[in-house]
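A quick write-up on the structure given underneath.
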Amino acid sequence: MNATSAIRRPPAPPGAVRWIKKNLLSTWYNVLLTLVALIFVFFVSRGVLRWVFFTANWTPITSSLKLFAVGQFPPDQVWRVGTAVLLVSFFFGLSWRVWGGTVGTFALALAVGGAAVAVLPFELSSGVRLWGVANPLLVGVGYLVGRTSLGKPRWAALGWALSFGGTTALLTGVRGVSWLPRVETGLWGGLLLTFLLALVGIVASFPIGVLLALGRRSSLPVLKLFCTLFIEIVRGVPLVTILFMFSVILPLFLPEDVRVDRVLRAMMGMTLFAAAYMAENIRGGLQAIPSGQIEAAKAVGLNGLQTTVLIVLPQALRMVIPAIVGQFIALFMDTTLAVIVGLVELLQIGRAVIQSNPEWLMLDMEVYLFIGAVFWVFTYAMSYASQRLEQTLGVGRR
Amino acid sequence: MNRKRTALLVVLLIVSILLAACGQKEVIVTREVEVTRLAPAGECPECPECPPCPEAPQAPMAAGQRLAAVKGRGRVVCGVHTSLLGFGYLDSAGRNIGFDIDLCRAVAAAVFNDPEAVEFVPLTAAERGPALQTGEVDMLSRNMTWTSSREAQWGNFTVVMFYDGQGMMVRKDSGVATLEDLDGATVCVTTGTTTELNLADAFRSRGLNFTPVTFEDTPSVYGAYEEGRCDAATSDKSQLAAARAGFANPADHVIMDVTMSKEPLTPAVPAGDDQWMDLVKTVMWTLINAEELGITSQNVAQMMGSDNPEVKRLLGVEGDFGQTDLGLSADFGANVIRAVGNYGEIYDRYMGPQGIAFTLDRDLNWLWKDGGLIYAPPLR
Amino acid sequence: MEVMEAIERGRTLATNLAPLRNMAKVKMSQDSRIHVLTHSGTPFWRDDRVLKAIAQTISAVVVVGFLIFFVGNVIRAANARGLGLGYGFLGQAAGMPLGESVIPYDPAKSYAYAFLVGILNTLKAALVGIVLTTLLGVIVALGRLSPNWLVSKIAAVYVEVIRNVPLLVQLFVWYFAVYQKLPPVKNSIQWPGPVYLSQRGLYLPAPVPNATFGAWAIFVGTAILLAGVLYTVLIRYQLETGRTTYPALTAGAVLLVLPVVGWFLVGERPLTTEIPVLDKFNFVGGLQLTPEYAALLSGLVVYTGAFIAEVVRAGILAVDRGQFEAARALGFSPMQVLRLVVVPQAMRVIIPPLISQYLNLTKNSSLAVAVGYPDLFYVGRTMTNQAGRAVPVFVMIMATYLVFSLVTSAIMNVYNRRIQLVER
């Protein structure tokens, strides 16, 4: 790669005129194409800009920012969501120092997002702005703590485990603690719920996916059959049917006295759906491990379990990190389907906002474009980060 | 690899269909058991793929179990609407309010003396049946019509709390007055409702054509109608009134003077637990009787000292009307009325002349002694 | 993408190493046999076969146990709550109106028939969507590969924007923000000719066959047959003799001329057009494209198009530049190079992911429920509710989608086998 680009390097950097000539006006039909494209770009961007700045009415969005962020979460308890995010920011900062790579991009995204909130040109309470300032600060503090003796993977992992408990306690409340009253999961909404669904989905699907992938490659026919069936069935049907199953049919599969929360059920559906795809990703990684590795491990005297856990999985998982990030992005977008089972995630909040005021009924375009833009910012940033990661790791092409 | 996968999927399909077929036999047999009591319990149809049959049709949730579950949980789980003005919707602070919501709160007040001890589960029209069947909710108060097949399939209906009929909303300038005028029209309707079926029946019986446009969520239906996608929208008249009140120009729309069906809107509970059903019924009767006796949320304390034995009984001052047998406290009536008011108060709060949602004539929903149909058995 | 590559790489490695591994395996099994023979007193917990058998049994018991637990619960719940598990209800009248249907439908038809309507509606969306999205995807891919900087940037922006916004959001934009905001039916936009666009959809003149249609159809059939035969014969001749025979041109001419001649020969016009006319409420007659269908189709086509563009681009980029240059050096024109050298090779890379995109589109059509288009999932959900039978309907929905994916993987298998033959 490097060698060829060195050979092909052009003798002199082309000037602007040469560039235009080469890239836009090389032949007569290219000239025509450029012309048509220019006209197209001109009209489209003029229309879009005019609409965005003059025609569109953005009041449904600017006046419902809280709803978009956390949905029906009780207003006097929103600080808990903020604190939970701060906690996560801190650990991302810490992990950035410890593990680097993708973690760093997510940490940076959190910091930049917080800073953006701090300077948004809308009417926000001072608390929210303070939170925006605190967020990048905590990422920084986390990073600094990571440089001390606490910056070891085992401490970071412990921290994440603790923060998981902390976040759950903050979001759901703790029985008997008066300043953390219970918040029904039905009140979670907006971007908060979108992120929770995707995060829980991807994290919980990981171990299941690993097991399924191993099971599908196992030499035990029954296990293999079951895993293969599960993976293929789940991959063969649309996500909405899985969500539908979990929202409507799951209670039938369980004993009478077991009652699973609706949000939790959607999370379970998301998890199982993601697990099937995760398993296939991981299986790709497993298949790429040369069998020499396994034979060598056997030769050294490791047993089957040791070979899998110590030799095969670490290599395979490292190889599929980019695929997993890609899957997370897809899952993040798929959370919108929770609308169909009645959860108030970001998209459903958008619909509720439109319907909350008769004067906003005609403003579908504004609201849906805003939601689309929010999704775009997050997914584009994540996929850009994962591409960078792929390049630096060189995992994709070894 | 791939061929194997194909084979696997074929096997799976066959198994799933077989399984379903087994299920079918199963049900038929157990139905016989229930009805005739002749077949010995535990007899199982021959079906190699079926898992072992359950021993006998057991009582699903023994009487009292649901109340115990509710008490253990500390909340009543109530399936509701969240976007139907007047019946079940959200106020600006995101709190669930509405006529149907207050019925849930009344039950919570009866069990816990706390109208806030409710967990509201938003359900679409299509989800409410399964939610009731699976027993996911303790109570469903979601603008739901009582029909015989729903009674048979979904759960137990309690007390009709709102007598309604299906109506049709059209634009004022369309000049439509009768259903016959709507021949060839496009009609918006919520899918999974009785109104959807009634609409088809009403037009078919008159030999009229129409094009349906259906959505699962109510707001989409009225959104589509208001924007002009449909010439008419059909639903319960109360719902039409609610939807119209939310339009940008309510005066441009009229609800036609046609009643296409009977729509008794009734809270329902999952089948199987008689005690819980009786409890919910008693709470509903209490709301109605309180209006009849003139007990309101304002005068509860004063009424405690009333000489009327019926009033005393309802408020738990003296006597018992079976509430303790149902697992309620003696004075639950007073708690309920204090928390949500009597039937009339609930109605007026949302749909009365000063209602916060819209104004709808009580019509059939006056008390029986005022010429309406609202009538409750005596509390005694 | 990465996964596919990884699997491929894994496969190559595996095939390269296979002989070695097989040798090792033979060796190992011989060793173990010897081991067992000589030391018959090996404790069973060290014996691989015993361990495997135990693991086998445990996994089987766990799986079957789970199934029994779940299915038992379902049946118990069904018995307890009168929740039907049977399919008998399928014969009853559905009673529910459906917005559109490929085959004639009215609420007096049975549930089974309504479900069939749902399947056909899904297929209608999926098949038309596949054709359109392929066209769009190829155009965008070519645009992205274009040497023209501006065109390639426009294509890139399209791909990056569309791929990163959830499909459901796009569907909402199409339906609620675009199609519902069209003018009301009374003020329809009239395009040249009797074509009307409004909130109620797009109305087009519909072709209606006359009595002479059958005769004309024979002409058309003959034309297609003849064109096919001519094309193969001429191609073979060209390959054998090396003389240019213009097969495509000839076949096209036959396809065009015969039907036109037939049109005038059969006497009365075989097809007349039915023009949509505005009645009291709606247009009557003509072909109607409902906004629900249009929204679903636009959403699916535009969304999947972005993915297909990437698939096609990757396929074309996978063809080595040297191939292109070599073909040019042999004197092929750029068009010929594309047609005869690049496309056939790129196709091999493109087809498998392309087919899985088609399957994705079909599965994604289940989002129709959000815009009120009565597809399979939508009809199924309504049936669940109106018939009060969640489990059987759910099994039917799952089974139908699984059949779709079965058919897709069958097609993929056939294709893979053909490619392998070509390779050898």
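All chains are identified by letter, namely A, B and C, in their written order; residue positions are counted from 1 within each chain.
Basically, a residue touches a chain if its C-beta (ideal position, glycine included) is under 8 Å from a C-beta of that chain, and two chains touch if they have at least 3 such contacts.
Given the structure is predicted, the values throughout are model-derived calculations rather than measurements.
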Touch-based graph of the chains, sorted into line, ring, star, complete or other: complete
Pair with more cross-chain C-beta pairs in contact, given A-C and A-B: A-C
Distance between the centres, which are taken as Cα means, of chain B and chain A, whole angstrom: 38
Inter-centroid spacing, chain C versus chain A (mean Cα positions, whole Å): 27
For chain B, residues that touch 2 or more chains besides their own: 5, 9, 12, 60-61, 127, 130, 133-135, 223, 227
Sites on chain C at which at least two other chains make contact: 74, 77-78, 83, 176, 180-181, 369, 381, 384, 390-391, 398, 402, 405-406
Touching two or more other chains - residue numbers and ranges from chain A: 232-233, 236, 248-249, 252, 256, 351, 362
Chain C partner contacts - residues on chain A that touch it in the complex: 23-24, 26, 30, 33-34, 37-38, 40-41, 219-223, 226, 232-233, 235-241, 244-245, 248-249, 252-256, 280-281, 283-292, 295, 319-320, 322-323, 326, 329, 333-334, 336-337, 339-340, 347, 351, 362, 364-365, 368-369, 371-372, 375-376, 379-380, 383, 390, 396
Interfacial residue positions of chain C with respect to chain B in the complex: 67-68, 71-72, 74-88, 95-99, 106-108, 176, 180-181, 184-185, 199-200, 279-282, 284, 291-292, 369, 372, 374, 378, 381-382, 384-386, 388-392, 395, 398-399, 402-403, 405-406, 409-410, 412-413, 416
Chain A to chain B touching residues, read off their complex: 67, 71-72, 74-75, 184, 186-187, 225, 228-229, 232-233, 236, 247-249, 251-252, 256-257, 259, 262, 341-342, 344, 351-352, 354-356, 358-359, 361-362
Interfacial residue positions of chain B with respect to chain C in the complex: 2-3, 5-6, 9-10, 12-13, 16-17, 19-21, 23-28, 30, 51-54, 57-61, 125-127, 129-130, 133-135, 149-150, 152-155, 182-186, 189, 191-192, 196-197, 199-201, 204, 210-216, 220, 223-224, 227-229, 231, 270-272
Chain B residues touching chain A - in the complex, by the definition given at the top: 5, 8-9, 12, 60-61, 65, 69, 77, 83, 90, 93-94, 119-124, 127, 130-131, 133-136, 217, 219, 223, 226-227, 246-248
